[in-house]
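Sharing a structure with you now.
Each chain gets a letter, A, B and C, in the order it is written, and its residues are counted from 1.
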Amino acid sequence: MQRSLTFNIFRHNPQDPASVPHMDTYRLDETDSMTLFIALHRLREEQDPSLKFDFCCRAGVCGSCAMVINGRPGLACHTKTRDLPDTITLLPLPVFRLVGDLAVDTGTWFRAMYQRTESWIHTRAEFDPAAQEARMENEVANAIYELDRCIECGCCVAACGTANLRPDFLAPAGFIRVARFAADPRDQRTDADFYEIIGSDEGIFGCMGLLACEDVCPKHLPLQNQLGYLRRKMGLTVLKKLLPFGG
Amino acid sequence: METDCIAPARPRSRADGWLDWVQMATGAALALFACMHMIFLSSVLFGAGALNGLSAVMDALHLETVGGVLIAIVFCVHATVAARKIPFKAAQAATAWRHARLLHHPETWAWVAQVGTAFILAVFITIHIWTGLTDLPVQALKSAVRVQHGGWFWVFLLVLPALALHLVIGAWRAGAKWGLITRENRADITRKGLYLLGGFLCLSLLTLLRFRLLPLE
Amino acid sequence: MQIIHTDLLTIGAGLAGERCAIEVAGAGFSVVCLSLVPARRSHSVAAQGGMQAALGNAIMGDGDSPDVHFLDTVKGSDWGADQEVARMFVEAAPIEMRRLAHWGVPWNRVVAGMHTYWKGGKPFDATEKAENHGLIHSRAFGGTAKWRTCYASDGAGHAVLYTMDNRAAQLGVTVHDRSEAVSLIHDGETCHGAIVRCLRTGELRAYLARATLVASGGYGRIYRASTNAIICEGTGLSLALDTGVAKLGNMEAVQFHPTGTVPTDILVTEGCRGDGGTLLDRDEYRFMPDYEPDKAELASRDVVSRRMIEHMRTGKGVQSPYGEHLWLDIRHLGEQHIRTKLREVDEICQNFLGIDPLHQLIPVRPTQHYSMGGVRTDKTGAAYGLKGLFSAGESACWDLHGFNRLGGNSLAETVVAGGIVGRNIAEFLQGYDTAFSTAHVREAAARDDARIRRIVSGADGKESVYAVREAMYDILERAAYVFRNGTDLTWGVQALQEVHERAQHIGLASDGVGANAELALAIRMPGMVRLALCVCHGALMRTESRGSHTREDFPERNDRDWLNRTLASWRPGADLPHLDYEPATSYVELPPGDRGYGGGKIIPAAS
């Protein structure tokens, strides 16, 4: 039985002075294997060419298409209409700056995050093109990869209570980045160095433990466990400073 | 070279780390005290004599006075430190409320509940400590009079569930924040937390009822 | 209008663009990367397989060397590759993999001892050497003599791109995302940068650069069904073509993959067929044995694609709202196999199609996968025809891949070529001076601005951009897909010329204000049709079959007449690309011979 879907979509074009934020309603007949990627493109091409949203890989690996789907942040490209009710409400991710309708500026936010976390390997070793690569245990490589899988879609940021309240919060995506480098033996930064980055209320101590990040992450990254790990690590770092023999 | 860095200056202070410990430690201490306080009062379920006896022992050891003063201090510290995380500005409060309504996420609602109960508890506990400490020692009859006169019963009926919620949610969130609650054991601990909530509520409401029904003579 | 000065401007911030940028920034020059999307969303991120480099650490790659890699690459290209470039590539690849490891890529590593691996759907045991424990491991990939593909779990592209962008951030490389170059600033001899449109606001900006790099990826999205990200519309290539002097090489060389899923064209691995998956038609009849009695579904990628199209042409395709397709059946492989060895396939089916491959058939069709053609450069990465213009990666025709790219070579090319071309650009910038003419900038910006205004106002007509694109899709699907023939191609060229004319009359249905996708596509559309014409016209002229270019009417590989590279340029006002040809390679290490797969007759070169 083919359904007729109703889409309530947030509309606002910040570049148009006459534009005011509002919701528009569209109708579309559902087809087999329909995803929001297919539905939104059909809406744009058949009904309203001014509709703004982002897609890129459309295969769940690039993180472009995160939006709030019936209340929950998620990737539109792998959301099947079959799993949604007849009425679908789409909003742009909060926290990020609005580009237009469902499109938000995640690029600027994440670039600031790289600078803040210094999202690169800190090492004094120089690369020697003539030498064999430094050895690494495969388990370690897999553990790093597991933390490196973040696709920077912004779902965790949008779902985070603290990030919604304070724009300077590093947010789960920033913490998982720090965890990735903390797990990498090639990065020579110490706990004290990481404390400088995340040892504050804008950092890990601002996390309120609501776990919405864990629940919405489309890549199922181990956010909950890693955030807990980082808080203990940073909490201990601050305690050690108190002890006469501490680090 | 040009960069797009818009990050704030790096934090240099260790205060936030400290305050985070203090918040959790004072919260844990208060939670522990609240549990003991309630178990102590619930001895009234075995009769007024049981409670009065216990109270007399503690009073003789000056536990009630010293403990009461200490708890008052811990309470003040906890309230002050924890309040840092509450969105007091109207715009922030609105954002938090909108966020919770949008997300359909139980843990986020739980946090809203914890903030709400914090206000109830802050007012009540301040009064409760004052009236309690100025009227030592604790005696079944005094408590019963308080519950049976002047509308205190209804206040307690509001405050006890608020306390239970605040305490259990707080403990759960501390576990989540510090990583004691993990992806693997989360469902299990959440269920146990709900049992704890139920148990705390039952015991406290039974105790309240007992005071309500305690013959004043 | 804002004018931004820089030493190097890269158009595209995927792996090739950023690798170049890092090299140039490391040499002390300023670099700005333009990107349609935040850099880490570039299509490089989607490559799952890995990068080929002859490290020879894995037991199944034992005895591997750049020489063996070279043979595989040149054979794979059907002798269309530039052998000097291929030689440079295979020698540099292992060093580049180690460099990436140093920068932070979590390559999988050798674990000493016995392991169970899979080949052709069957498990076997092999013992990894103890002395190689902890070195970079490699896995199998189609068309190679040795296991040579460095990988990071199931996301090599992701891991490398993230590391690359980290490195770029560390060196202070500036990325301007949501920015699209709409034309190159040049005087017919020297390239001076680009006019760029901000995709947030719609404003035009000018970037003046001493060197400009096109690293914008492939042009797969001129086809309706493509495994490429939706941004791979070949914009960088059409900018180069529009200069009238730069040349595009081998545009007819387009690779197809037999099993793209319907409707979203996500690729499911050939491992499905390797492990025993079968192809069924609308009657759920297994048709491959009728065409290929020996190998059936295990025939090579291009053969299977061709047979699938052939079978659909007999009316046996399955009709769907998303067009015709066939079925891939892996149900009989069993739960254990599907949920573990084919986990990625399982996830694609469940997440994107909403079907369970254990109980249901997977809708598939041959799908565009890789474009070998691109901006023709010399071995240093310098584009033909314009000083100061460079290209690297999938957007370039460097020419490592010739007429058929090997899996794993393309991802490796992005970083290896990026490194080599980047060093060359740094060398070029050292002591290179040029004079920027403000008149050229003003003229270029005014021309683009006027064109955009006419599209928005509908001054040239009210053609729907989506209708024009559909027309282009239809033509390419019939004329320049897996199978090509003179009749369809002749028709295709003519039909595309009409579409090209229509593309000049596109007018918007929306207001075009701000981040408007209709306008962005409308600006690109005429260029995309010109690329389609390069593909179609080049394919029509090339009267042979080589690599992925398959002519039904000329099934032989003709080394006598066609051991060369097509060069397409677009003269101002023309309605067809101008084609000329150059020898495939001037340096010959491996004389033309049989590839050893794919079959087909060869007309040898006159000696």
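Points to keep in mind about this one:
In this text, contacts are C-beta pairs under 8 Å (C-beta built on N, C-alpha and C of every residue); 3 or more make two chains touch, one makes a residue touch a chain.
Bear in mind the structure is a predicted one, so any value in this text is a computation, not a measurement.
Taking the mean of each chain's C-alpha atoms, the chain whose centre lies closest to the overall C-alpha mean is A.
When the interfaces A-B and A-C are ranked by C-beta pairs in contact, the top one is A-C. If you average the CA atoms of chain B and of chain C, the two centres end up 61 Å from each other.
Centres computed as Cα averages put chain A at a distance of 34 Å from chain B. Distance between chain centres (mean CA atoms), chain A to chain C: 28 Å. Shared interface positions of chain B, i.e. residues touching 2 or more other chains, are given as 3-4.
Counting only residues that touch two or more partner chains, chain C has 175.
Shared contact sites, meaning residues of chain A that touch two or more other chains, fall at 111, 115.
On chain C, the positions that touch chain A within their shared complex are 37-43, 45-46, 95, 97-99, 101-104, 106-111, 133-137, 152-153, 155, 158-159, 162, 165-167, 169-170, 175, 177-178, 200-202, 229-231, 262-264, 266, 320-322, 348, 351-355, 363, 466, 508-511, 513-518.
Partner chain C is touched in their complex by these residues of chain A: 13-16, 31-33, 35, 37-38, 44-45, 48-52, 54-64, 77-78, 80, 82-83, 99-100, 103, 105-107, 110-111, 114-115, 118-121, 125, 127, 129, 131-138, 141-142, 144-145, 148-149, 151-152, 184, 186-187. Those residues of chain B lying in contact with chain A across their complex are 3-8, 10-14, 16-21, 84-85, 87, 92, 95-96, 99-100, 102-105, 107-108, 110-111, 173-183, 186. By the touch criterion given at the top, residues 68, 71-72, 91, 94, 108, 111-112, 115-116, 159, 161, 164-165, 168, 195-197, 199-203, 205, 207-212, 214-215, 222, 224-225, 227-229, 231-232, 234-235, 237-239, 241 of chain A touch chain B in their complex.
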